[in-house]
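First the structure, in the form of structure tokens, and then the observations on it.
Letters are used for the chains, namely A, B, C, D, E, F, G and H, taken in the order the chains are written, and counting of residues starts over at 1 for each.
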Amino acid sequence: MGVEIALKSLRYHPYEDLGCARIDNHRELISGTAEVVYAAGKKQSRVIEIARKIYEIHGCVLVTRSDEETYGMLNIENARYYPDSCIIEAVDKNSPKGKREKSGHVLVVSAGTSDISVAEEAAVTAGFLGSHATTLYDVGVAGLHRILSNARFIDDARVLVVIAGMEGALPSVIGALTDKPLIAVPTSQGYGTSLGGITALFAMLNSCVPGIAVMNIDNGFGAGCLAHKINSIGL
Amino acid sequence: MGVEIALKSLRYHPYEDLGCARIDNHRELISGTAEVVYAAGKKQSRVIEIARKIYEIHGCVLVTRSDEETYGMLNIENARYYPDSCIIEAVDKNSPKGKREKSGHVLVVSAGTSDISVAEEAAVTAGFLGSHATTLYDVGVAGLHRILSNARFIDDARVLVVIAGMEGALPSVIGALTDKPLIAVPTSQGYGTSLGGITALFAMLNSCVPGIAVMNIDNGFGAGCLAHKINSIGL
Amino acid sequence: MGVEIALKSLRYHPYEDLGCARIDNHRELISGTAEVVYAAGKKQSRVIEIARKIYEIHGCVLVTRSDEETYGMLNIENARYYPDSCIIEAVDKNSPKGKREKSGHVLVVSAGTSDISVAEEAAVTAGFLGSHATTLYDVGVAGLHRILSNARFIDDARVLVVIAGMEGALPSVIGALTDKPLIAVPTSQGYGTSLGGITALFAMLNSCVPGIAVMNIDNGFGAGCLAHKINSIGL
Amino acid sequence: MGVEIALKSLRYHPYEDLGCARIDNHRELISGTAEVVYAAGKKQSRVIEIARKIYEIHGCVLVTRSDEETYGMLNIENARYYPDSCIIEAVDKNSPKGKREKSGHVLVVSAGTSDISVAEEAAVTAGFLGSHATTLYDVGVAGLHRILSNARFIDDARVLVVIAGMEGALPSVIGALTDKPLIAVPTSQGYGTSLGGITALFAMLNSCVPGIAVMNIDNGFGAGCLAHKINSIGL
Amino acid sequence: MGVEIALKSLRYHPYEDLGCARIDNHRELISGTAEVVYAAGKKQSRVIEIARKIYEIHGCVLVTRSDEETYGMLNIENARYYPDSCIIEAVDKNSPKGKREKSGHVLVVSAGTSDISVAEEAAVTAGFLGSHATTLYDVGVAGLHRILSNARFIDDARVLVVIAGMEGALPSVIGALTDKPLIAVPTSQGYGTSLGGITALFAMLNSCVPGIAVMNIDNGFGAGCLAHKINSIGL
Amino acid sequence: MGVEIALKSLRYHPYEDLGCARIDNHRELISGTAEVVYAAGKKQSRVIEIARKIYEIHGCVLVTRSDEETYGMLNIENARYYPDSCIIEAVDKNSPKGKREKSGHVLVVSAGTSDISVAEEAAVTAGFLGSHATTLYDVGVAGLHRILSNARFIDDARVLVVIAGMEGALPSVIGALTDKPLIAVPTSQGYGTSLGGITALFAMLNSCVPGIAVMNIDNGFGAGCLAHKINSIGL
Amino acid sequence: MGVEIALKSLRYHPYEDLGCARIDNHRELISGTAEVVYAAGKKQSRVIEIARKIYEIHGCVLVTRSDEETYGMLNIENARYYPDSCIIEAVDKNSPKGKREKSGHVLVVSAGTSDISVAEEAAVTAGFLGSHATTLYDVGVAGLHRILSNARFIDDARVLVVIAGMEGALPSVIGALTDKPLIAVPTSQGYGTSLGGITALFAMLNSCVPGIAVMNIDNGFGAGCLAHKINSIGL
Amino acid sequence: MGVEIALKSLRYHPYEDLGCARIDNHRELISGTAEVVYAAGKKQSRVIEIARKIYEIHGCVLVTRSDEETYGMLNIENARYYPDSCIIEAVDKNSPKGKREKSGHVLVVSAGTSDISVAEEAAVTAGFLGSHATTLYDVGVAGLHRILSNARFIDDARVLVVIAGMEGALPSVIGALTDKPLIAVPTSQGYGTSLGGITALFAMLNSCVPGIAVMNIDNGFGAGCLAHKINSIGL
């Protein structure tokens, strides 16, 4: 959608009738993420109310950083809960999104066990937005062979998302093997000087491989959005 | 180029005969930036030697973070010096790169006067790598109207690079107007709590617009590489 | 009140008879905030004792960072509890403050849902001190149109308080539209590199709009005080 | 000027004919600082070109963070150079600004000798924008008596600007004596743990006196702008 | 005790028979604090065992950072619990320490209510070690008059301990009024940019009053030790 | 001098006739350092003017952080320059200070060669203020024997000043050998993670020896002042 | 094992049949730590499953950062739990590891009581990997004599591991007494400016004794690995 | 040499007759680096005096962080200058060191061109101390193949020193291929978030490969010392 049209469509507030002045910033129309609720720090009742309203209008909804209890109370048909990434996803098969096929290919790679929650958040988000997304876990730098023996997966993808905590070296190692767009996500895994992910973040920003896109710590959702935006080009 | 082929081609060291064990990391074959010399911290004689060798082999070379004196001594036909970004670019019109037409469209936007050196580095890099790149300077947040009145430029581009120092708010403002991939580059402009660009960097990583790709401080070169990688998809 | 008179009046310790050597710094006579109790970190019994004493003397009291339980036990007529900002406010309608009308106009704007607690603290404080205060929630940078379509509210105010977490860009965007005094309050909302509000704080201090007044992280109370001081000029 | 009108007037680019796409963010029409050039980091020839153009249009110009050489070459009648704050000020006596009388009263107080450059920047800026500004130097905390014996100066002012480096305690001490709006500016004076002004900044943000407005380190210009905005209320 | 003698006496391990290789570093013979147990992070049973053993040998013991439960189970005659500072103190009246009179005068001043726990730790420690210690609470910078009206207490003391959180300005203000040794202790009170006491600490280290002794954050025990060492000179 | 008297004497501004509003904070009457000029960041002509005036009034002056050229131009009889610490000291033998004998004993110990400038600043300052001061250089932790073999020097002193850069361990090691007041001064010596002295500072604040007084980085002057204050007790 | 062979053996994934894609990075074959499970952040059931599988294959297993409950449920014969370091160790006496004798000598020294958990982790790890490991606790800098009187233990060792929190001075003091390889481990013990171990870490990195090997904060496991690698040389 | 003997030999001050109280901490007898002068921050004349004296006594000397001019003036036969690492090395062939053969094998690997100065410092230091040292430059992560094709060099060494700036990933990648002791040295190469080497340092401390020994930023000298200590074991 062009910016000129967007500027006009911005005048339309679909949720104003909700009597809910406190609508979340993640649900912007233009950026294509209008169907997403960021649940962290919101009251359960509010999350449920907004999620149902979105599902009613769009026939789909994605709730990130939620919990299983909210999922249990949401009561939307077709809803599914991802326990590792704490995401609720619901897509009506008859909605536009439900009928559309996933396209392109986003490959999400994670270094260690503890990075899986972030990796899944990225993969589910990209998938919800319309991208075909696959995952490859446990291919950390300490097991270099696993990276090399999985090279063909990289060849299959249009965009890569690489998740790593601790020293955050995996994006450099994978980035050296391909000229495809690579999105690096640092995680808060580690202790001491990992500084809650700052070390992995800064390592990624200083990669000797030029042109790596870096996200905020643990921001799998953002990585999924960017991966989908890139994956959508030319499709 | 696929990773499998790349892994094989990696065995080939084109500059070994240079007797130069100290070849720079930025010139990797796979990532498509083999023709680039990062001059900062290298001796002038070495920069000149490497740049000439690359030009001899590839018919083109890009030297970043260089100076006018080196440019004067380089003595390569067709070379051009960009004083704002301190880049030397040389492309033989009969080389493969010289014959190829620029494709796609990378739009580079910068917030303030002082961010132009980084913006130019991004634009020249993307252009050298094969992307059609245009620039839009001085559209900072303090002049919101300039952003709005330039909306059509955004509609024309496939990828955006947004450069800003100080509070680094421009990527959020522009990102809210488009669903295209946006690469944000913080600059070291500012004083006191700008912390040499850390504040702008962290602001960009925390953008309320999801999916913004962030680069290291002042890393226009990296932004140009990523923009080109994304711009190349589907072309 | 002039400083010369203030210096004299300082000799008077209204609460000494309370037998309470540990009187809070926020209740200073000169700065006009003598009727405020900062409850965080104080024992409940002490908060209740001081609040009642203040109400007895002044006919009004404001208790910040309190909880609903304390409110329930306070047992002051006319008291009201604000659950979002955790404030107790009590004003006797026959007290000087109760009879005085609110004057001027302080507009409090907040970027996201999670910033409302801080915004309400600012608005209630300014109102308690004697300013007419209104609020405008959910006008974040990601929804630029909401800012533009609310421009008339800005025209109506004498002072603006703008609350934002994450990248803290809202004060710059609003500040670019007006020459009125603007008070920016960063909030601790966000994760990873938001650093508990430091990023939003530093972004505000580096705003490209000159002359923005910045407060400590989450300090809605301070913003309310300053807004009232400014709003009082010339009234 | 109202925001509605401002949004319209924003369409007008007075300097476009300069052929100068790189116009500085500090010269915004709305915020009333359109006649100011921030010289730091700009080429001398450019500073002179812009300053003369502004003077030609507005009959006045203020150049901050400049040097005596630029002043010597500027060649504007009525121009004056302030060596402590490195400001050039020029006001044509027949221009609107030249005819208008300074109004209100901004008092600028500084703690130590080394803070005078910042204090003067604040005072000259407020004066240029139209406020009557006076200064009071060398009243640091180590000489408490000098603060107390100057209390009457505080009573005369409408707004206070208090400048301090090192531990940044002066705003708290003065703020405890008055209920007037107080703007605190940390300076980069000090060594070791003064961290280039971060310590003074954080001390000011944590003042036990509620409602102090804080600026970026060394930002006398911003303090002058804010002081003028506040001082203008009700005049 | 001289160092030469001390070096010899160091050979003597009074607690070795306890079978307790893990004896705490705070109980050194030379530095005169052999009778102190630092309870934080130690198992309750171990604290009780060591405290009783010390009391048995020395006729006195001080347990810092303990809790009321441990006090209840300690079962030492004459023991007293200080709930604000969480200290247990026990001195047998017939022990050398019990018979000795407190000497000199250490004055402990605190800025705010929340700093009292640290202030009490300093005062009780100095008292236990043999100094006469008095306290003066709630004399923060926001109430300048309270400092001035308590000037005579300062004249009575040989050493001052000044405790403050937030912006940590009190030591500068008091230090400007006296040439006596002054020990400043920052506390972790505050939020946002108080950084858990780092801001107060750095402010104290940068005091414009020369020669202030600074301690680690919340280290009332250390301040009590130093105050006693200084107070002991010439007695 | 008592605070009551001091408060009165504060009314007296000895340098007002100098026409010099910008008198430095280090020259306070009460704290006994009225004869000291801190030259760093002051113009040479101003330093010379103030220093001569002080010498004229007091018969003595100490100029810290100065240079040899200023010393050459100062032209005060009896003046002496210390090249390591960049101090100028001048005492008229017939002045009160000139006739008074140095008393007590301050021992200044430094760890490495590079710490000598700070150590000398401490020793000369303490000496100028009236203390007998001796120095012991090059007794770093890496040569433990030098510490042990110098134990008798420690026994001779009333107060210790211990200077160290890098890991700042020396105060802990010496502090474990004595119960005398010990002042620790971190220096900015080192590279990488020494962080310009922050590491040494934090190490000293965390010493396992309780009650060490810590100063700002490189603050030999402050250490000399404190040492003199402590040394003066009971003399 | 040589790298060439290792690169081949890397092709072998012993746990793939586990159906467990999320295998931990600490279990690498090459680095000799394939039998170790890092339990922190893993589900109990998963830890137990992996630990049993490893024991089944290798006849031994080490589980770090575990708890007593997991130990109770593990149900492996010969398993032992170390409560201070939270390690489970199990070695079948008939396995290759069970039959091999410990060799060489790793000495682990710790400064304070609170550092014992880290020290034990280092000692148990080195022992499990095949090194003879002994421990020496409570020899902190505040008790210099304890270091000196234990000098012979240092002479007996091939490698030293020195653990310290707070100011982290112990490695410097011990390192000055020996030319053997010394591994320093900072711990997170302390408060305020100990910054969770950063201060001890930076102090160790800045030791005036050249050539000290430093580990991440609390990383006893890493220290044990390195100590074993060094101790294995020439055996 | 044993500690018992060392403690005795410590009594001997070989350079006392130099009249030079300021002898550098790097020249300790015990740690085997008595023949080394650290020139940074020392006056040229002093460096020359000490270096000659050491050469006279020991028949060898190593001067680190020196310059070519000092080398020219040193006038010691057999001296050699290493321009990349700024080291002067001089060994008399008839001295004990001159006759001894280098033993073992230390392999020094560096990632990029700019890390060579640190790498050479490590290699020359290890060589001077008696180890056989070889170097392998330009094998950064961006060229993974260069690491793999150099695997045999790793097999030949007893100890590895791996130098890297920017994201500091190389030690992890190489460490995953070997179980030999590996010393990682971060360099200050990079810009923006490389933070002068802090990012590389923290990345190395958080390596997913357990047991990597980490040094201070740019500390090639320390790495050379440690490598030699380890390499000496069992020789």
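One rule holds for everything that comes next: a contact is a pair of C-beta atoms (placed from the backbone, for glycine too) under 8 Å apart; a residue touches a chain by one contact, two chains touch by 3 or more.
Keep in mind the model is a prediction, meaning the values are calculated, not measured.
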item	value
Set of chains adjacent to chain C and to chain G	A, E
Mutual neighbours - chains that touch chain D and chain E alike	C, F
Furthest chain, CA centroid comparison against chain H	C
Chain pair repeating A-G, as identified from E-G, A-H or D-E when over half of the contact pairs by residue number coincide	E-G
Distance between chain centroids, defined by C-alpha means - chain E, chain H (Å)	45
Chain centre separation in whole Å, for chain H relative to chain G (CA means)	26
For chain F, residues contacting two or more additional chains	7, 25-26, 28, 31, 111-112, 140, 142-144, 175-177, 192-193, 198, 201, 205-206, 208-209, 216, 219
Full enumeration of touching chain pairs	A-B, A-C, A-G, A-H, B-C, B-D, B-H, C-D, C-E, D-E, D-F, E-F, E-G, F-G, F-H, G-H
Interface residues, chain F side, partner chain G - complex	111-112, 140-144, 166-169, 172-173, 175-177, 190, 192-195, 198-209
Chain A partner contacts - residues on chain C that touch it in the complex	111-114, 116, 137-138, 140, 142-145, 149, 189, 191-194
Chain C-touching residues of chain D, taken from the complex the two chains share	1-4, 6-7, 25-26, 28, 30-33, 148, 151-152, 154-155, 158, 175-181, 183, 201, 205-206, 208-216, 219, 221-226, 228-230, 233-235
Sites on chain A touched by chain C in the complex	7, 10-11, 21-26, 28, 31, 41-42, 186, 188, 196-198, 201, 216-219
